[in-house]
Amino acid sequence: MGMTVSPDSQKAAAEALVAAASGIDGVDAEVAERSSGTNPRYVVVANASPGSWRTLAEKLYSEHAVDHCSMVTGIHWPEGDAERKWEVVYHLMRTGVRDPPNENGIVRPVIVNPSKARGASMPLELEIHVHLPDSTTPSVDSVQDIWVGADWNEKETWDLVGIDFDGHQGMRRVLQPHETPKGYHPLQKQHHLRYHGFVEMYDDAQGFMRKPADVGKIK
Amino acid sequence: MTSSDWLDVAGWSESFSNWSMDNVHDVLPSGDIDMQVTIPSTWAWPEPITMGPIFNMQSGFASIQPALESFMHATIMCTVVFGMMMTTMLAIPYIERKFIGRLMDRLGATTTLRSLWVGESGVTAGEWWNQLPFGMGAPIGWVVNALNSTWGNSHELETVARVNNRSYHGYWFLLPGFFQAFADFMKFATKEHIVPKNADKVVFEVAPVIILATTIMVFAFVPFGPHIYAANPELSLLFMMAIFGIAPLGVFFAGWASNNKYTLIGGMRSAAQLTAYEIPLLITVLGVAVLSGSFNIIEIVDFQMGQDEGNVWNIFLMPLGALLFLVTMIAEVERIPFDMPEAEAELVEGWWTEYGGIRWGLMFAAEYMRSYAACILFALFFLGGWEAPFQHTLSNLPAVGGIFSTVFSVIPGLIWVLLKAWLLFAVFVWIRASLHRVRTDQILEFGWRYLLPLSMLNLVIATILRLQFWTGGPWDLWVPAAVTLVSGGLFVILAIDEDEEALEIQRRPYSTQAVVKASPGSHRK
Amino acid sequence: MAEMWISMGPQHPMTHGLWTLKVKVDGETVVDTEPDLGYIHRGVEKICESRDFTQITTYCDRLCYASANTWSHAYIYAAEDLLEVEVPERAEYIRLVAIELQRVASHLMWLGAYGPDIGNLSVMVWCLREREMMMDLLQELGGSRMHYNFPRIGGVKRDLPYGFAQRARAKLKLFLNRIQEYEALFDESTVFLVRSQGVGYAKPEEMVNHGVTGPNLRAGGVNYDIRWAHPYSVYSELDWAPPVERSSIKGADCYDRYRVRVEEMRVSASLVLQALDKMPGGADTYHEPEDPMILAKAPSRAPEGTTGAHHFEDSRGESMFYIAGGGEGRGKQPYRVSIRSPMFITIPYAAKCMIGYKVADIPAIMGSFDPCIGETDR
Amino acid sequence: MSYRANTGHPHATPNFRNLVIRPMWMTLKTALRTIPFVGRLTILKNDYHGKPATMVDAATKERVGSDHPSVGQSFAPDRETSQVMPFVERPVTVMYPYERLEDLEPWLFVPGNYNGRIGIIWETCTACKLCIHACPNDCLHMTTEVRVNVLELSEEGDEWHGYGSELEEGGYAAREKEEYDAIAAGFDLINAHADAPQQYDFAEVIEISGDKATVRWSDGSGIETVDSTSLKPAEQDIVSGQIDLGRCMFCGLCAEACPFESFFMTNEYDGMSGFSREELWMDASRTRVLPTVHQERVDMELAKRAEKEQKKRDRKAARAEA
């Protein structure tokens, strides 16, 4: 049968994680109950202060086997209150993936039955919000060395939203052309999509009317 | 007595050039022509000086007549062989396109079950024969339904083939698409010739010339029939193999000269692969020469035909040699699975990338010519050249033998050579449709580690057969039978049945090369 | 041979899309690689910030154009988490049918492309012939062949058409027979095995740390699957298990990734067959498009401060949407839509895996990771 | 072809044994199957071609009975050529503009739910602009105009009197201009350089109390309370509609958003091309769908409107008696 993760054991595992995480000052965590189709799922939602984020990350990775960084999101809240102008949301996961053991040269695949998982081995989802005060160069500690998967997500977040990550090696623009001007981060709210709601019927938006630059020059 | 048939092109051209030269000789003025000039002696020079020849046009011509005749004969034969090769080569792309279309099931998606909807709206494919005027098509309909019910699947809701008559492209015997290769070539000839900016200009131009020249020269020594050959030196096999081996040089030049990283890699791969496979090829061909006792290809075929006592084809005496020849020839002509120099996935077109227009067209034609030469050689070496299958046994049958022998005498040997060559090319295409591309180092490893020893073994078998078991005339019957049965049995044991205990362990070997484990940043260390 | 940088891309047969892989080559061996993405970055996240919730589905179809349904459903689950909508049972089953058919079509597209990557051209035509059948079925649901715009917040656009179940069963059974023909060309061909076994090793723990998930991870012998470990929709009601491949000791290589995807095609086909049998209300009944059996009422506004996030098992890995509500139009439009693309994180890892192998292995390794550049550049 | 699940394919060891032959045998079988009569040999059948396809579960089978078209189907063998003339090869390519796939192979028809070109029944469109708001790429553009319905102009004795609508709050109203008849009489439309004189002043009705109605004049002359007898009800009508097919992605959201059954996605896939982006702007004539194409749904819609009108009329009559 497809696996039904028992909700209460997931809730218990989440609460254990929340208790451990709230131990760090500057971090307050709680268990949020989310629905996904037919099964309830319990997600650990935490608010970490920029200072405490690095220690929380190391703690989660080392002690709570949170081994997978799913996504790093940067959000720009220009009208938010003073110390919540920028926000970085980390989605982490405890997958419980271990290298399969090797019995005399033949690998035995690891078949995990999530409905029997309990406590520390229960796969969990974490959502960690880090709010940053207003500044022209918001920055958060990088977790590139803990979860290498976050490497390109951090590059993309800096590239599109402009939140820098201290200690990130090889920060460069990944999604935008390399010659994009410094400081241009399109997902910041002051940049608006020109077209939507912009009643501009036809002033040659695609430039089909304009002549090519080298007209008249001898090729 | 060497084999011969009525299509004696060499003889006709010989006699024609003799006849024409004799006519020229007779037309010339027979008398002596005195062109002597004598200058009388004067004070400066005591005796009179006579200059200028007295010559006879006819005797002068007679002295050079044999050279002229052989030159004329050679030109006629070269043009005939080249023309025959080029026209019959049109069949090669045709076979490739039609056969691979069916192997890859590319001829339209009639396998999906969308045809499930047939019958729901009462629509069936039109019976084309009903379109014929005055109901003339009705009998065809009866035949169709009769045959269909015997051989075809059941009537109701038959899954439909696309039968509506739209064959204005011509019926199969009109060979629609046969001249497509010719049209393509004309298109290549009109395309623009672009030389990369800082390419090595001279080498860039020389490379296609080398490849094309050597490929066409190979056909000089390939006999299409007992009397159809451009040149028939004593060691024609040796000449032909030597020239066949020069093309890799041109390929490497092309790869280097195009000043493009991809072509450089392609050129190097091609050079490595062709040299690696040259040696097993030569040893296999040596095996054939040893078995048939001569280096002249026509004599090899005659040996297989057995001077009208009938003899066994080499394939039954040397099946291992035939298989080796096939594999090495595929590597020589760079077809899948030995396609690395021109691997689409990473090198796009390999060493051809920077060529365009007529040069690319010629090199593409050269590649097909080399495949065609490989197929003809296989037919000549192993499938008894221009001998019809079972020609001797069939024509000596008690009752029916007469008919067969007349039929065989009517069909020229050329037809059999072409049929066998085209069949061989179909096997090339079949291999192309089913196998993947082997990596370059694996090609080289396979060449040096497996093919070379096997070709040595094949040479040993050939010599033993020739020395011990050959009694001057045709092989006595049990020798080829024994060899074929043994190798057939070995093939089944080695290649067909399961190796149960190997499957049990399911232990998968690691790749042959030592690999530095990729870990993040490992290359930066 | 001096080491030289070759740039493979942006138009290159190996890249299955528009990106450049700069490779430093010493002779034939790859010494260093550097991927360069972003050629078709359309800024979907920025566009979504000024579109209503139903309009965003059409953009999510176009994220990964080879498996449009899985991406639009990933967004819909996150949007339903944001707007707290209860989806009727029959709609979940119909969604499962659409997602799994799309997964089969996506894997067939990958298998068809993987053949020519290693040299065999007939597999491409065979796989696309089967993909036609899957696309016929999806066209009956969504209305067009590639981008379906099929899910709605709270359910699906339309119910299964008449006779859909019959045609689906027939085509899937034929497809399950056809897989054996592909396996004859792949598994039983020494040339393919020699080219793919022992090439592009990757250990599961390292992969998870690098963010690689999905079939690429399961090839390492670990049965981690979002549908299995974090079950959503009705996957827990059906009888299936994620296919896991027994890799070699050094980790998962190209052959394992190929094996896992072929097994996954079989699992997805059986999932669709089971879902059609277990469909509440029967697969042969038909409900009008706005019927409460297939579409629940859903609010069109998300107030300030509400967020929605959902992990989803895409055919290439774990895709995820994070939506912060409360954008313009008094919440009718999201404030921020963040998209996790599995291939955006797997391609750099695959580029690292290539180091030490030959130039000819680059298409083999990169092809086995099944890159789809539409979702990578968003 | 038994294999142990999840442990790799039974023949997965890369040795010469039996592994080079199998793929070649499989492709050869695919090719041989396409030859007309040879293709029917059972060894080529891969144990499923031509076998009956069990497609329906038991319940549907007895419900459907044995004469349903899907019963006799069998898995289609690979490409099969014609019956009796074995090598009459019908060319596979369909010469598109001159031959159409759906004509040559009627079973490969373009399904009805295909999202092709949009089709609009302009007669039943009420210019509500819901489709414009529904479009993600803003492809739909519409110009509208406030007009007085011709039914309002009917006097007492006319045949069509009494069918006009009522003044509603939030709707539009129109008041006849006094000097209109004089100006209109002397106005020569063809040679005049000014545009035609307007017959009505239009206004939005803010609220109606008794026989007084406060309206805001749309020519900007402010809010005024006028007695409602002098006002005629007016409505917003469509003048022209265009769609920019250069931007349209055929998602179908507009067709779903239209509440009046006048917006459909036809299954036409051709005729939407042009040499410039201006040509891709399709106006009403190129997006028209005749009402007869969707006759039953148009009748349903008109019946709904008539019934709504009847209900309004009964309510007014009831209010009149009370």
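In this document, chain identifiers A, B, C and D correspond to the written order of the chains, with residue numbering beginning at 1 in each.
Everything that follows uses one rule, which is that a residue touches a chain if its C-beta (ideal position, glycine included) is under 8 Å from a C-beta of that chain, and two chains touch if they have at least 3 such contacts.
Small disclaimer: the values here were computed from a predicted structure and weren't measured.
In terms of C-beta pairs in contact, A-C outnumbers the other of B-C and A-C. Remark: the per-chain Cα centre closest to the mean position of all protein Cα atoms belongs to C.
Work out the mean CA point of chain B and of chain C, and you get 46 Å between them. The centroid of the Cα atoms in chain A and the matching centroid in chain C are 20 Å apart.
Taking each chain's centre as the average of its CA atoms, chain A and chain D sit 41 Å apart.
Centre-to-centre separation between chain B and chain D, using Cα means, comes to 60 Å. Residues of chain C in contact with at least two other chains: 51, 122, 126, 167, 170, 174, 185, 189, 191, 194, 197, 210, 244-246, 248, 255. The residues of chain D that reach two or more other chains are 6-8, 11-16, 18, 20, 23, 26-27, 30, 53, 70, 73, 75, listed in rising order. Each of residues 103-105, 111-114, 116, 433-435, 506-509, 520 in chain B touches at least two other chains. Residues 100, 103-106, 109, 111-114, 116, 261-262, 265, 269, 336-337, 339-340, 343-346, 348, 432-442, 506, 508-511, 513, 515-520, 522-523 of chain B are the ones touching chain C in the complex. Those residues of chain C lying in contact with chain A across their complex are 37-38, 41, 43, 45-47, 49-51, 77, 80-81, 84, 86-87, 89, 92, 203-205, 207-213, 217, 220-224, 227-241, 244-249, 307, 309-311, 318, 320, 322, 324, 335-336, 338, 340, 344-345, 348, 377-378. Listed in rising order, the residues of chain D touching chain C in the complex are 1, 5-9, 11-16, 18-20, 22-23, 25-27, 30, 46-48, 53-57, 59-60, 63, 70, 73, 75, 111, 113-115, 134-136, 249-253, 256, 265. Remark: chain B residues 99, 102-105, 107-108, 110-121, 123, 125, 140, 143-144, 147-148, 151-153, 156-157, 159-167, 169, 171-173, 176, 430-431, 433-435, 494-499, 502-503, 506-509 touch chain D in the complex.
Per the touch definition, chain A reaches chain C in the complex via residues 1-5, 34-39, 41, 43, 67-71, 73, 75, 89, 91, 93, 95-100, 102, 105-112, 114, 123, 125, 127, 147-153, 156, 160, 173-177, 186-187, 191-193, 196-197.
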